[in-house]
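Just below sit the structures, each encoded as structure tokens.
Shared between the two complexes below is chain A, which pairs with chain B and chain C, respectively.
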Partner chain A sequence: MKHIDEYRRPDSIKGLVAKINEISTKPATIMEVCGTHTVSISKNGLRQLLPRTISLISGPGCPVCVTGGSDIDTAIAYAQQKDVILATFGDMMKVPGSYQSLGDAKASGADVQVVYSTLDALDLAVKNPDKKVIFYGVGFETTAPTVALSILEAKRRGLKNYFVYSVHKVVPPAVAALISLGELKLDGFLCPGHVSAIIGSRPYEFIARDHGIPCVIAGFEPADILMAIYLIVKQVEESSPKVEIAYGRGVKEEGSQRALEVMDKVFETAPGDWRGIGVIDGTALAIRGEYGDFDITKVMSVEVPEAREIKGCECGEILRGVKLPFECKLFGKACTPRNPVGPCMVSSEGSCAAYYRYEGMGILNDG
Partner chain B sequence: MVKAKDDFINLGHGSGGKLSAELLGEVFLPAFKNTILNHLDDSAVFEHHDGKLAFTTDTYVIDPIFFKGGDIGRLAVCGTVNDLAMSGATPKYLSVAFLIESGFPIKDLERIVASMAEAAHEAGVKIVTGDTKVVEAGSADKIFINTAGVGFIDEGINISSSQAKVKDLVIVSGSIGDHGISIMSEREGLHFETDIASDCAPLGGLVKKMLAASKNIKVLRDPTRGGVATVLSEIAAKSNVGICLEEANIPIKDQVKGACELLGLDPLYVANEGKLLAIVPKSDAKAVLEAMRTTIEGRDAAIIGEVVETPKKKVFMRTPFGTARLIDLLVGEQLPRIC
Partner chain C sequence: MCLAVPGKITQIKELDIAEVEVNGVKMEIGLHLIGGAKAGDYVLVHAGYAISIVDEESAKETQEFLKEIEELEASLKLAFSDETHR
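Take a look at the complex of A and B:
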């Protein structure tokens, strides 16, 4: 705890804010790619500290939110099969698919169980030998290695009833896709700390080199984020885009070799369906043929109803950074954490949930 | 001692017959005995009070039933005593009803009953009537306890959540989140070590000292389920005011902060069982705070915020570095069933 307090000390925070104010002259739009950053920015009220030159917008950084509606529909279809237990992280339960959520499916009889780790899912498979246990693998490079390990472990133990439905996604190519959509003029990326602990800083280099946009990897405490914003603003002012690590205690340039090896052993890249963006090549992690026995899409086929959009929901625009949560017509009215319409209001990492919960309708930012 | 063949509660213990009488005579009466209960009539009969009465009830279900700093019995006494105290009442009499799953160990029941007797003694209340029901194994989870309580309110005391006024100050009686974190750390599946004990305690004595220092206390609430954030949100809504908290002034133990960090919880929403929040006119705050600090339950009391004009019906918190964030009501619980 003392360790964390270091990054919340008022004097270091005030010092960083003063430094940002001192150097910032050009308008800069900075996108935080990671949902945990969005939450920390809202929770700590960091927007209130920054000069008017700087705007922070949220990107496609909440794995729950970017999971395509059809992927959720497919998971529900698996959960509804006979003798299947679908194991999922709790965050996915309330996310709306085209017609219903996993929670709705559970209420009408599907066996959906919340687990806290892939180990729990493996345990479920051991305890229920007559059932097919399917782990719903949602997440970025941070969770993918643990899911890969669970497949290796299932193979080692000779488990025949453990499967994964992988809709894992990788971050850097999605950032590239967002840039090439050309909807936004972005001046900097606040790059995710946890994802980067796995992949390192090199996968972002093309963004700085080919697109001329600064990238700084940040931790999650207020001082971490402000330090990263300072470094981005400095690069903007000096017109010298590069990749920097402002989270040295968590991230190495080369990432985590062990995690990358495990991921590469089990997964290969495939086209991924991103809510609000669409299908992007090379952004999903599919299970390699060698481990096909654990890939539920190879073992069981299900009929999935045709996907449809959620009416009026602007999560897509919000995930692309084109709109702020406050700008969605449903925000805080038809769509609240109690009655969420879109995934960004459901997930604890979702930008709408973070803005609503900590910033209200923006009432604290005006005063 | 109950005979060896009856080491466990069975359906007969709730039948009203011989086994019920044994349980009453050998477990409940020796622990709870007092002149009113000892009559064993259909109702407890006690002396009249001239002024206003406070009357409340609550049912206690908790897993685990024994935890660091307390157990379900202590909780069932303190919870109801505290609800009475939060109305400005002096808690006087409790009823207690047990709903027990068949197969429950009698020695555990004896332990719970002894703990209730001790808590009642601490709180200065008498347990004057009661009931026991036994249900088949699987129809309930071990033991549930309902208590109801009556308290007497002195003249001139008027406490209600709708009375907070702009410029009043918010006082908390001590560090927050201890109970919830203690329960979570003992619960199966959350493997982390902490020596945090539940703060479960009767607060009647503390309230008495506070009311002696000022009869102008506007609001008293114990932030149990939903924690400080939920209770203050309710007060803000009922009084049609805003409440501004100062993060730096809120007492939270380092271990609780650490555990919350690890579990992704916000201590403002974690349950307490031996703490209270008071809203007091600015002019009386110092006297009330000093009175609180002379007690064991209130020795770490602190002023943590003030009532403001806007935003109405909202609670917000100023961070140590000068920003503010909303403290909204939670949708659902952070973790299920902690009290």
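Take a look at the complex of A and C:
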């Protein structure tokens, strides 16, 4: 496939690894912020190809994983209301809330439907005029504009039965919060490619400028990621932190003006609840008052049971990069992709699932 | 979740709706989030919408960089195998 296969050639990968080996002298810990990067790194065995000087750790970049337990409990409470269809991306179905998942709620009779796009959710609203269709909006800046569009479209079409429960989150301030926690010494950020397709490269500038940490925006194929790691290592060696784009075919410095306008029209920032980090100001996208008719939190109130932590689960530490999946006592024992306990094992883009499938444990346990 | 795949626009169907081909599969997507896409362009498709037009010029530059690296690697390998044969 064009624009994919060219970035998977073994010779490019060998060449890039050789280049990294050639220049790397200082130890460097690089965090990949995006879950899609985590999967690609594990799947392609990139960690094992890199010199010992470089460690890669996963950050809070899987939207499914960082969604707070109480947000899931609330979505379930909405799904259980009479005459409601809760539409969601498939990724959210199995994620555990405090007591159950959306999948469990569906099995007990709630009408939960998986959609591929908000366009499908709008169709559901048109086809079911007697029901309230609530779209469960989860995701970062990549996804939020498509949800904002659905609200504008529902307004244009005069749909009275389409609503959104938005728990969308934004990435750069969460990275700032992670840095200020000071739990880790990070030498570089591998910045998310498709979040950056929307927001551009400028929102990361403070990280390089104020914190002296290199930031490189990367694509998702193995050569894309290695190219970005090479640029980060070069910045580390030269002590010249800056923001670079190693994914120029998808990302422009200024991002996408149209998408940013749509997002800004419908959403405003609010405090966001991140699993493992807690509430961070300015990291959630709430629906503006002007579009309150489509905001289910303004239209319908539900009783949500008190949230509780999942016992023994260390997803929080893993999402902050403080622990590796292997270091959680449940990993590969009580918690596997077949019987997941925490969200990092449920989501295909969670770091536990990626480590389990591609970095040893799965081979040991599944034969 | 932020997965997006490159698809080729085969047809602009109406304002802001296009047919794209992704790995041999044709589907309709929204162009509302990008401007100026035309048939033949590659776009990155996420959750039913194009989120950016693939910049062919930049893709070409990256490919040239990778080709240079491959050649460098090949010449090093050759030098190495010369030495081991000696």
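The rule is simple: the second predicted complex is superposed on the first by the 359 of 367 C-alpha atoms of A that agree within 3 Å, B and C clash if a C-alpha of one lies under 4 Å from a C-alpha of the other, contacts with A are read in each partner's own complex, and residues count from 1 in each chain.
The rule we apply is simple: contacts are C-beta pairs under 8 Å (C-beta built on N, C-alpha and C of every residue); 3 or more make two chains touch, one makes a residue touch a chain.
Small disclaimer: the values here were computed from a predicted structure and weren't measured.
**Q** Which of the two partners, first being chain B and second being chain C, lies in contact with A:G158: first, second, both, or neither?
**A** neither
**Q** With both complexes overlaid on chain A, does A:R357 touch chain B (first), chain C (second), both or neither?
**A** first
**Q** Output check: A:G109 vs chain B and chain C. Expected answer is one of first, second, both, neither. What do you get?
**A** Touch partners of A:G109: none, neither chain B nor chain C.
**Q** Should A:K14 be classified as contacting the first partner (chain B), the second (chain C), both, or neither?
**A** both
**Q** Just to be sure I read the superposition right, which of the two partners does A:D91 touch: chain B = first, chain C = second, or both, or neither?
**A** After superposition on chain A, A:D91 lies in contact with chain C alone.
**Q** Applying the document's definition of touching, compare chain B and chain C: which contacts more of chain A?
**A** With both complexes superposed on chain A, more residues of chain A are touched by C.
**Q** One more residue to check, A:G182. First (chain B), second (chain C), both or neither?
**A** A:G182 contacts neither chain B nor chain C.
**Q** Under the stated touch criterion, which partner chain does A:G45 make contact with: chain B (first), chain C (second), both, or neither?
**A** First partner only, chain B.
**Q** So, A:V138: does it touch chain B (first), chain C (second), both, or neither?
**A** A:V138 sits against chain C, while chain B stays out of touch.
**Q** For chain A, which residues belong to both interfaces, chain B and chain C?
**A** Dual-contact residues (chain A): 1-2, 4, 14, 116.
**Q** In their shared complex, at which residues does chain B touch chain A?
**A** 189, 254, 257-258, 261, 264, 311, 314, 316, 319-326, 328, 331
**Q** Which residues of chain A touch chain B in the complex?
**A** Those residues of chain A that touch chain B are 1-2, 4, 8, 10, 13-14, 42-46, 48-49, 116, 222, 337-338, 348, 356-360, 363-364.
**Q** Which positions of chain A touch chain C when the two form their complex?
**A** 1-4, 6-7, 9, 11-12, 14-16, 18-19, 34-36, 62-64, 89, 91, 116-120, 138-140, 142-143, 145-146, 149, 192-195, 197-198, 220, 223, 227, 248-252, 256-259, 262, 347, 349
**Q** Spell out the residues on chain C that touch chain A in their complex, using ranges where they run on.
**A** Contact set of chain C toward chain A: 1-6, 8, 22-23, 30, 32-35, 42, 44, 46-49, 51-52, 54-56, 58-59, 61-63, 65-66, 69-70, 72-74, 76.
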